[in-house]
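Same chain, two partners: subunit A is paired with subunit B first, then with subunit C.
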Partner chain A sequence: MSIMTAYAQAEAVRAGRAQPIASVRHAHLSTRPLVFIPLKMAGEAAAPLGAMVGTHRDDPHLLVVPQPRDRSLRFAFVTELAEVMVPYIESFQRASETVGTREPYERFLDAPQILVPNRGGIGFTRLLGRSSRFRSADGPYPVHPSVPVLGRWLTFLAERTEFAGASTLLAMTELLALHWATGQSGTEDGALAALLAWIAPPEGMTALEAAARAENPLLTPPAGPATDPGFDAGVLQPGIEAYDSTGSPAQVRGAIKSQLEPTWQLMWEAVDVLRGLPEGASVADRWARDRDDFSRYTAHLATGGAPQPRLDSAVAAAMRLERLEDAQARYDAQRAFDDPLVLAEYRLTGTTFAGRVIAADPTRIVTGRRRVLRPLITVQTSDPVRLAPGQVLRSPARPGQKAEITELAAGRIVLELSGGMGNSLTPRPGSVPEIGEWLTYTDLEVPSPRKRPPFPSRENTPWTHGGPPPEYIPTDEDAQEAWS
Partner chain B sequence: MSRLDTLRGPVPPHDHNARTIAALAANPGCNRRAVMDAAGIDKEKTARHLGHPATVGQSVFAIIRANAFEEQVKANGCAQLLKLLREKLDLSLPEVSYDDVNNVGDDRGLRHSRTRTLLRQAAEDRGGGTLFDHPVLKLNIAGKSVYLEPALIAFQLKGRFHVVEIKSFAVIDGQADPGQVAAAARQSAVYVHALRELFAERNLDPALVSHDVILVCPENFANTPTATLVDVRQQLTVLKRQLSRLTRIDTILDELPMGLTFDLMHDQDGTPTRSRDELLKAISEVDARYAPECLASCEMAFFCRDEARACGSTDALGRTVRDQLGGLESVATVLGLAHGTLLAAPDQAEIASQLRLVRQFRLEATA
Partner chain C sequence: MTPGEAAEDVITRVLADYTSGEHRAVVVDSPPGAGKSTLVVRAARLIAAKGEPLMVVAQTNEQVNDLVDRLATADPGLAIGRLSATSFVPPPGLTRHPGVRITTRLADLADARIVVSTADKWAYEADQSWPWAIVDEAYQMRSDKLLRIAAQFERALFVGDPGQLDPFSTIDGERWAGLSWDPMQSAVAVLLRLNPDIVPHRLPVSWRLPASAAPLVSEAFYPFTGFRSGTTEGERRLELSAAGFPGPLDATLQEAAATGWALHELPSRHTIRTDAEAVQACAHLATRLLQRGPVAHDEKGSHAVTADRIAIGCAHRDQAAAIRAALGVPGVTVDNANKLQGREYDITIVLHPLSGRRDATEFHLEAGRLCVLTSRHRHACIVVARAGIPELLDHHPSTGGVQLNVPVKFPDGWEANQAVLAHLAKHRVVA
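Right after this comes the complex of A and B.
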C-alpha cells in the first residue's frame, strides 16, 4: 500500500467508481486459461465440497462431493478434477523451443494458467496438493494413479505463486486489485463480486449499490472456498442428509451449482475486463520464467521425480529465498519501467524524477585511455529529488542507456550518458535526448540474469544447518496418511 | 437503576464470553462497542432493527466439527490429551486426576465456587498433575461480574497452571492459519487473565498461571490431535489495557446525555417497537471507531460502516490507507488538500504537499 494507491482510493470514493492504478496489464493472461472455483466444507482443513472448472465459459465442469466426510468420495473428487486438469496441463507440453546460449535447453512455448477467485482459492489448491501428492496407486489404500500426479501439479502451482510476477496460478481479486483502486477497504476487495462491482458495475447501478448487492449472500454467494453459513444450515445440510438417506446426490448437486454459477460468470467477466488492458512490455519476459519452471518440473516428473517434500531442506530453502528475492527485484523494476503510473510512486520517494531537457551536448567526447562518446544533458525538474552525484540512472524511454549524475543543484540535473548510442563516436539519431524532451530517470535497475551464488550441494550442508538431510524416500505411511 | 441499565432497557443483560471479550480488545478505541458491551446490550438485535443485520456467524459444520474434536480429545478422562502432554510437551506426568466441575450440577454460581475450591486445593497441594474440566471463571467487566464458561481444561502440574485450548483448525506440516491462531491466542488470554484474577483474589500468586497456553489442534488432515505452546503475553497486555479502559467507562458515560437509552422497546412477542430514527439518533450519540476489521468481529459493523461512509470518513478504507493519507479523517479533506482547494492547517502542511505531488504525478502519468 502506497500513498498513490491510498489517494486513488479517495478519488474512487468521490467518483463512485474504481480508479486505475496501472496503465498496462502487469500479468500474463493466457488465451486459454483454466478457471477453477473450489468450495470446501466449513470447519475442515481441506475437505472438498465441489468445484467448477473449465477453459470455456459456456462449458463448465461441475464437480460435487455429496458427502464431504466420506474419504472415498473425496478421492473420487480429486480423480475427477485430475481428469480435467491434468490433460489441460499436459496440453502445453507439446511444442517447445531451444533457448540459452551457453547451456541450451528446451522450453515449452506456452504454459498452463489457472485462475482462482481469491487468495483462499490458492490456499485450498495448496492443501489439496498437499493431501494428494504423497498418495500411491498401489499399497493398502490405493488411489487412482492420476491423484498423486495432480497433487504434484497443484503443489507446483501453489509454490509458484510465491514468486513475484509469476502467472501460472493467479487469484482474480489480487490481479484486479493490482490494477484498480476502489472506494472500499482491502477487506471488501477480498470478495470478487464486491471488487468487480467497483470496477465494472452492472448497467444502471452505482458501484456502492452493486457492492451492497454483492455482499448479500442470498443474491451473491461468496466466491469460496468457504460457503455462506446460512447456506450451510439451510440448504447444504438438508441436501447431505437427503444423500445419506436416499443415495441421490441431486439435491447437493443443485445446491453446489447454485453457489458456484454466479462466481463462474464473474470470473469470466473479470477475464474480459483484464483483456481490455494492454499487456506490459516485460510481461513476456516474466512469462518466459513461468515457462522455464513449467518445463523444468515437467522434466522432473518425466524422470519419475519424487513429490515435493513437506518442508524444504536447508540448502533448498536458501536457494528458494535467493530466487524469491531475485524475482521480487525484477518484478518491482520491470513494473515501474513498463508503467508510468507505477513509476510515479518512486517520484514521491525522490529516487526518480521527471523533467524537461534544457541543455544537451550530444557529441561530447571524453578522452581517457581511449576516446569515448559521453554526451551530457541537463534536465530541469521540480520533483523532490533525493539523489547524489555519481549515481547511475536509467530512463524507461531508453532502458539500454546509463545516465550518471555529474551535477545536481536547484532542480537542474546534469547527466552523462553512455551506451545505447551505436558504436561510432557520433550518436545514432534519436539515441540522445533532445532539448525540450520530457523524460523520467530512475535509480531502479532490472537485475541482469546473473550466476546463482554458490550454494553447497545437499551432501555438503554445513553442520550449522543440521548437516546433510536424509534422502526423502516415499513411505507407505505418507501414502496412507489419514484424510478424515 | 444505573446508567448502563437505562441504556439497555428492561431486558436481561447479554452474556459475555471469551470471544466477545477478546473482540473488545481488538478495537480498544471504540466507545460505542465499549458502552454497548458494558451495558450488555444485544448488538445483533440492535443492528437488525437498524436495518444492518450482521453476518458474523459460524457454519453449522464448523460447530459440529469443533464439538466432535473436543469431545474426542477429552474422552475417557482426557486420555488423548494426556498422551499429548507427555509426548509432545515432554512432561513427565505422574498419576493424573481428572475433575469435572460439571459434577456439581448446572448452577453457575455453584460451579464457580467449586472451581475456586478445586483450584485452591491444587495450588496449595503442589502434588501430582490435575486436570479440570468445565471450570467456571468470573471476570469483572466494567464493574460487573461476568461468568466465563470456557470449554477448556485448566491443567496443573507442579503448582503451575496452564490453560488448554482445544481448537479444530488443522496444523499442517507444523503450520496453521495465522488468523485462527491469533484468534485462539486472544481468547486464551482472556482465560489466563480470569484465572489470574481468581488467584489474586484468594491471595495466591497470579504468576502460578502460566502465560504459555497449550493449544490442541488436529494434525495434518487427520483427527489426531497435536499440541503446541503459545505465548500469550502480548495478548494479555492488550486485554488488560482494554479492560482497565472499560472500568473507566464512567468517563464515557458522563459525556452522554441523561436518560439516553438504546432500548428496543420489545412488545409482548419480543418484537422491537422503538422508532428506527429515534434509535439511530440515540446510537449516534456514542462515537464509534469503525475499522474494516470490525466486519469479522462486531455485529454493529455494517451500521458503523454505513455511518463512516456517509460522512466520507477515511476509516471506511482501512487503517493502512488512513495512515498513508497522513491520518486525515475525511476523503473530502484528502481531495481538497490534493486539489489545493482547501487551505492546509499547520499540522497538515506536510501531508498536503505530498498529496499535491501525488495528484500532479498521477495526472502526468495518465496524460
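Right after this comes the complex of A and C.
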C-alpha cells in the first residue's frame, strides 16, 4: 500500500467518510452497462443458484435454479442467461469504423460492458464460461446451441480482465476502491454494501452507521456469489425441499429475489456515484483497445472459431505475456499522466518531482553529427528526488517531449529537452517551458506502439520449448479441472 | 584433487560435450564466481578455431560489453562483431580493440567469427541461422526470450547461476503456473523440463568467495549442489592500515576484516523502505572503510582496496538512490540486487532486504536476492540490518499457495534467510 493511500485511509477514519484517491475516473463507464449479480450454491465451485441481470435498474431479469444439484437445470439457467446476455453483446456488433493507417481494419464503435459486484463475480463468470464453452448442441448430453456461445463470451470477458485497464468486465468493489479510500480494511472493502456506505452513506446515516448496518446479513445480504450460511439453512433449504416435493419454484424464487434485490439497487447507486467523476483523458484510448479485442473475437466467432483452450501453448503464452506487460505499463503511465493525485504517489517515491522552472535556454543548439535543437531548463523542486543523471523523463503537460537529466544537485535539476518542438531549429511557441512555469516530470512512459520481433508460429515451436504441440481439438474433458 | 584440478576436470568435460556437436544443448550451472566467463571465452575460442560462426547471447548491454572485452583481450586477432541498438554508445573498453566491430546491422558483420549481442537484439535477426551458440547468464533470461531466438541456432551452450534472481515480470503469471513452458520461468528451467535428457554440468569451485563465505553460501543457497572455495582459510586477509576509534562503525569493520562477515545491527524499529538511519549506516560504513585504508592480501598478492572495489547492495532502487545521495565518497558502486548480479568486489556492504519491515513478502524473502547480495565479495561482507528479523521471519512462515505441477524449488527463501541470519548472529555488532 502506498503512503498516499495509507494517509487517505487515516483521513477517512478521522472524517468518518471515504476520501478520494483519484480526481478522475480511470475506467470507461458505458452508457448502457449490463449489471450481472450471480449467486452460487455453497460448497460447489460454480453451481449457479440464481442471478439478477439487466441493463435498466427498473427492469431486472431474475434467473433462478430451483434445484441447483440438478445439472440439466444448470444448463437451463445458462440458456436463460444467454437469452439476455448474448443479444446484449450482439447489439454492439452493428456499427463499426475503419481504423489503422498501414493495415486498416474494422472496429466496432462500442463494446459490451458487464458489471459484477466483486472479484468473486469475475471468478464465477470465468468458471461458468469454462463449464459451458466446451458443451455442444448434439452428442450425449446436448445443450441449447446458445450455451457454448455464451460460454465463449463469458470466457472472453473473464480473460480480458487480466489486462490492466480493460473495462469490458468490471468488479464494482475494485472500481470504487480505485477511486476512494475508506477507513476499513481491504477485506471489508470487498463487501459492496460496506464500501458504498463509506462513499455515499444513505441519507440520515453516517458512514460508520451505514457500514455497521452492511455487516448484518439480514439487513444487507452479501453481494454474492457466495450466500449467507444462515440464509442457506433457514430459507433456501426449505425452498428447495418444497420444489422437490411440489415442483413449484415459487418459494426458491422469492428467497433468491430477496437476496439479490438489495445488491441490484447498490450496483446502480455505485454506477451513479462513478458517473459523477469526470472521465480520465486516456480512458478512451484504453476503451478503444477493449473495442479492438471485442471486434477481433467477434470475427473469430463468425468464422466458427474454436472455444478458448484450457491451457495456453508455449507460443500463445509468450505472446499473451507480452500483451499483458504492455497493457500494464500503459495503464500505470496513463493513469499517472491523467491524474495529479496518482502522480503524487510517485512524487513520494522520488521517481517524479514537481517544481518551478527557474532558468531556460530555449534556443540552445547542439552540434554533433548535425545541428539539433536541445533546449535546457532548470527546475527547482522541494520533492525528494531519487533519480540519476542520464534518466529520461516526461511531463504530463508535454507527453511528446523527452527531458534528460544532465545535472542534479540540491533540489535543482537541469533537463535537456528533445522532441515535440517542431522541425526547425527554433522551437514552436509554447513547446519549451518558460521561466515561472510549474511542471511535473516523471520517469513513467506510455509505451509507444512499435514493431516487435515476431514469435515463431505455433507449428514452428522450437525444440527448447517442446517442439510443435499437437493440433488442439476441444473436448468435453477440457471443462474439467486438472484436480477433479 | 586440488580445486584447480576439480574445476579443470569439469570444464574439460563441458567443452568436449559442447564441441562434439552431439548435444543440442549443454547446460552448465555455475555458482557465484566459479569462472563462468572464463568458460564462455574458452568455448567461444574453440568454436572460432574450428572456423565456424558462433552467436553469443547475453542479457544486458553491460554483460555483452564485458564479454566482448574479455574475448578480445584473450585473443586480439579474433574478428568479433558487437551487434547493438542504434542508440548504443560504445564504452572505451570496446573501442580500444581493433578486432571488434560495432554495428547495428548483422549484414555488416559477414567476416566476424563471433557475433555478440543481447537476447532482445538477436530477436530481430530471425533470418540467419547459426551452427553454434552460447547463451550467457541463461538463468536470468526469461523463457519467452529464448522462444524468440531458439530457432536461430542448431546447438547451444547455456551457462548461468541457478542461485540468482529469477527473471522478473510486472504481471501475475498464475495463469501459467505448472505449465512446463511457463513464460515467466527462466530459459534453462523450461529447457530442462521439456528436455529431461539434458544433465547439467556443475562448476565445483568458487574462485571469488573466500573460505569464510563459500561454505555458508553453498549450504544456504545451493543445498544439493554444493561447491567449495578456491582458497583456503587464511589465504586471503584484509588489513585495515589506519587505526580506528572506539565505536560501532569501527567495531563492525574490524569484525569484517577479521572474520569475513559482520552484522551491523541497528535498534529494532518498523520503518519505511528508505530507512534514514540504515541508509546513513551504509554510507558511513563505506566512508569509514575507505578512511581506514584497507589492504587486501590474496593468492595473487596485495593491493589497496579502493572505492571501485567496494559495493553497497540493497533490495530496491529507491534505497540505492537514497544511499547514493547519502554517500560522501565517489566511486563506490551502489545498486539493487538485480543490477549487482554477476559483478564482483573486494568488500560489500548489504542493506538487508528485511531490515525494518513489518512483513516478509515473497519478494523480500526470495532466496536469489539474498544470494546475490551475500556472494559478491572476495574478502568481506558487512550486513546492515535492524534487529528483529528472526522474529519477523518467525511471524511470516512462507505460505505461498501450492500450484499443481510446479517443481518444488530449493532453497526455500525463508529457510535460506534463517541460515544466513544464524551465521551472521556470530558476527553481530550492536550499533
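Basically, the second predicted complex is superposed on the first by the 469 of 484 C-alpha atoms of A that agree within 3 Å, B and C clash if a C-alpha of one lies under 4 Å from a C-alpha of the other, contacts with A are read in each partner's own complex, and residues count from 1 in each chain.
Heads up, the rule we're going with is that contacts are C-beta pairs under 8 Å (C-beta built on N, C-alpha and C of every residue); 3 or more make two chains touch, one makes a residue touch a chain.
Note that the coordinates shown come from a computational prediction; the quantities given were computed from them, not determined experimentally.
Student: Mind checking the superposed model to see whether subunit B and subunit C fit together on subunit A or clash?
Tutor: Fit: subunit B and subunit C sit side by side once superposed on subunit A.
Student: Please determine whether it is subunit B or subunit C that touches the greater number of subunit A residues.
Tutor: For subunit A, the partner with the higher number of touched residues is B.
Student: Is A:Ala42 touching the first partner subunit B, the second partner subunit C, both, or neither of them?
Tutor: first
Student: Pick one for A:Ile3: touches subunit B only (first), subunit C only (second), both, or neither.
Tutor: Both partners.
Student: With both complexes superposed on chain A, which partner does A:Gln237 reach: first (subunit B), second (subunit C), both or neither?
Tutor: First partner only.
Student: For the combined three-chain view, what is the angle at the C-alpha centre of subunit A formed with the C-alpha centres of subunit B and subunit C, to the nearest 10°?
Tutor: 70
Student: Per the contact definition in the header, classify A:Val315: touching subunit B only (first), subunit C only (second), both, or neither.
Tutor: Second partner only.
Student: Between subunit B (first) and subunit C (second), which does A:Pro399 come into contact with in this model arrangement: first, second, both, or neither?
Tutor: neither
Student: Quick check on the superposed model: minimum Cα to Cα separation from subunit B to subunit C, whole Å please.
Tutor: Minimum C-alpha separation, subunit B to subunit C, in the superposed model is 5 Å.
Student: Which positions of subunit A sit in both the subunit B and the subunit C interface?
Tutor: On subunit A, the overlap between the subunit B and subunit C contacts is residues 3, 311, 482-483.
Student: Using the touch rule from the top, collect the residues of subunit A that touch subunit B in their complex.
Tutor: Per the stated touch rule, the residues are 1-11, 13-14, 20, 23, 41-46, 127, 130-131, 183-188, 208, 215, 217, 226-227, 229-230, 232-233, 236-237, 310-311, 340-341, 343-344, 347-348, 354, 383-384, 481-484.
Student: Which subunit C residues qualify as touching subunit A in the complex?
Tutor: Result: residues 24-25, 123-124, 126, 143-144, 146-148, 150-151, 169-171, 173, 175-176, 178-184, 187, 190-191, 194-195, 272, 274, 317-318, 321-322, 324-325, 404-405 of subunit C touch subunit A.
Student: Mind listing the subunit B positions that touch subunit A in their complex?
Tutor: So the residues of subunit B touching subunit A come out as 55, 57-66, 168-170, 172-174, 218, 220-224, 292-293, 295-296, 309, 312, 314, 316-318, 320-321, 324-325, 331, 334-335, 338, 354-355, 357-359, 361-362, 364-366.
Student: Could you please specify the touching residues of subunit A with respect to subunit C in the complex?
Tutor: 3, 162, 311-315, 317-318, 321-322, 324-325, 328-329, 349-351, 386-388, 453-456, 460-466, 482-483
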